[in-house]
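Note that the chains are named A, B, C, D, E and F in the order they appear, and that numbering of residues resets to 1 at the start of each chain.
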């Protein structure tokens, strides 16, 4: 019955990679806690780099400096 | 003062349907707990079917098999 | 497949009231969007009044003035 | 290590304003709790006015009446 | 930089199991997307069974029938 | 109308500090975006150090090593 929300910056994750995140997170809940995959929900949010900050700075700005 | 977040897959909910969800969720909090609608916030997130998983599989993939 | 999160202040909602919120939110998604209740998840968070603010003030403080 | 999520309606916040929200929220956690900015994450969600409700009504509808 | 939120019912997950969820979710983001673990945050919410619903029913009620 | 969620580890934030977070976050939205404080909601979640991970490790474990 778990609910997993994965937030990542929107920087080109493919449908295949997102499917792997969903598969992997669901498997993790099975492996560690024996949860039923049929009612395990995983939602991925892809966030624009202008809208994500770390260290007080947007990722857009961090990427420019990198 | 409640805050309600409704996450659904992005599959064509109309503005009218979303208005009904907002009206209905707000009414539910009035009916059950007597909450003040003026400060009740409802936020609807529509999530791409590639980004929503259940049973370890994306909804995109589930819809193809259906 | 929807996921609904209801946040309310922790001020004595009973198990029966919480069951009504869960039942009502699930029904709302059936009525408005025809969603399958079997995979509709509702999570209620009860938040201490010290941890909830509106108008820049905690609910604890608002309740004292009321 | 804090995580801050700011949800606003999508009504034209500029990259500069979003950078200010990120900078300001990070500084707030430093000032009040002495948190390390290097691991403070801020995520801004911009929500369509059709998808945000208050008082049981969408913001789209409120804006029309204003 | 990802942020992962795992919500499970509060039914006795041990500190070791929670550490495994955190380790596994962080590793998943490394494996699939090459994300930096140093800024990957995982937050686990344990939710009372009275506050979690599926199929329109609380988990408390489902457990009694099981 | 904004909604702000601040997640911190549960390590002794006082009611006064939480009130400052609420006041400061509300003011930030006024200053940057001119938002109405009367409908600005701030919710603080305090998360047990066993339930918060960074770098693949729980904060409980990080604190022991510090």
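One rule holds in what follows: contacts are C-beta pairs under 8 Å (C-beta built on N, C-alpha and C of every residue); 3 or more make two chains touch, one makes a residue touch a chain.
Here is each chain with its UniProt name: A, B, C, D, E, F = Tautomerase.
Note that the structure is predicted; figures quoted are calculated from it, not measured.
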Query raised in the report: Between chain B (Tautomerase) and chain E (Tautomerase), which partner chains are common?
Result: A, C, D, F
Report summary line: The pair out of D-E and A-E sharing more C-beta contacts is A-E
Requested in this report: Compute the rotation angle for the C-alpha superposition of chain B (Tautomerase) onto chain C (Tautomerase), expressed as a multiple of 5 degrees.
Outcome: 180
Report summary line: Per the C-alpha centroid definition, the whole-Å distance linking chain C (Tautomerase) and chain E (Tautomerase) comes out as 20
**Report entry** Residues of chain E (Tautomerase) touching at least two other chains
**Finding:** 1, 3, 7, 25, 39, 41, 43, 45, 52, 54
Query raised in the report: Which chains touch which?
Result: A-B, A-C, A-D, A-E, B-C, B-D, B-F, C-E, C-F, D-E, D-F, E-F
Requested in this report: Over in the complex, which chain D (Tautomerase) residues touch chain A (Tautomerase)? Could you list them?
Outcome: 15, 18-19, 22-23, 25-27, 37-46
Report summary line: chain C (Tautomerase) contacts chain F (Tautomerase) in the complex at 7, 45, 47, 50-58, 60-61
Requested in this report: In the complex, go through chain E (Tautomerase) and note every residue touching chain D (Tautomerase).
Outcome: 1, 3, 39, 41, 43
Report summary line: In the complex, chain E (Tautomerase) touches chain A (Tautomerase) at residues 1-9, 13, 17, 20-21, 24-25, 28-29, 31-33, 35, 39, 52, 54, 59
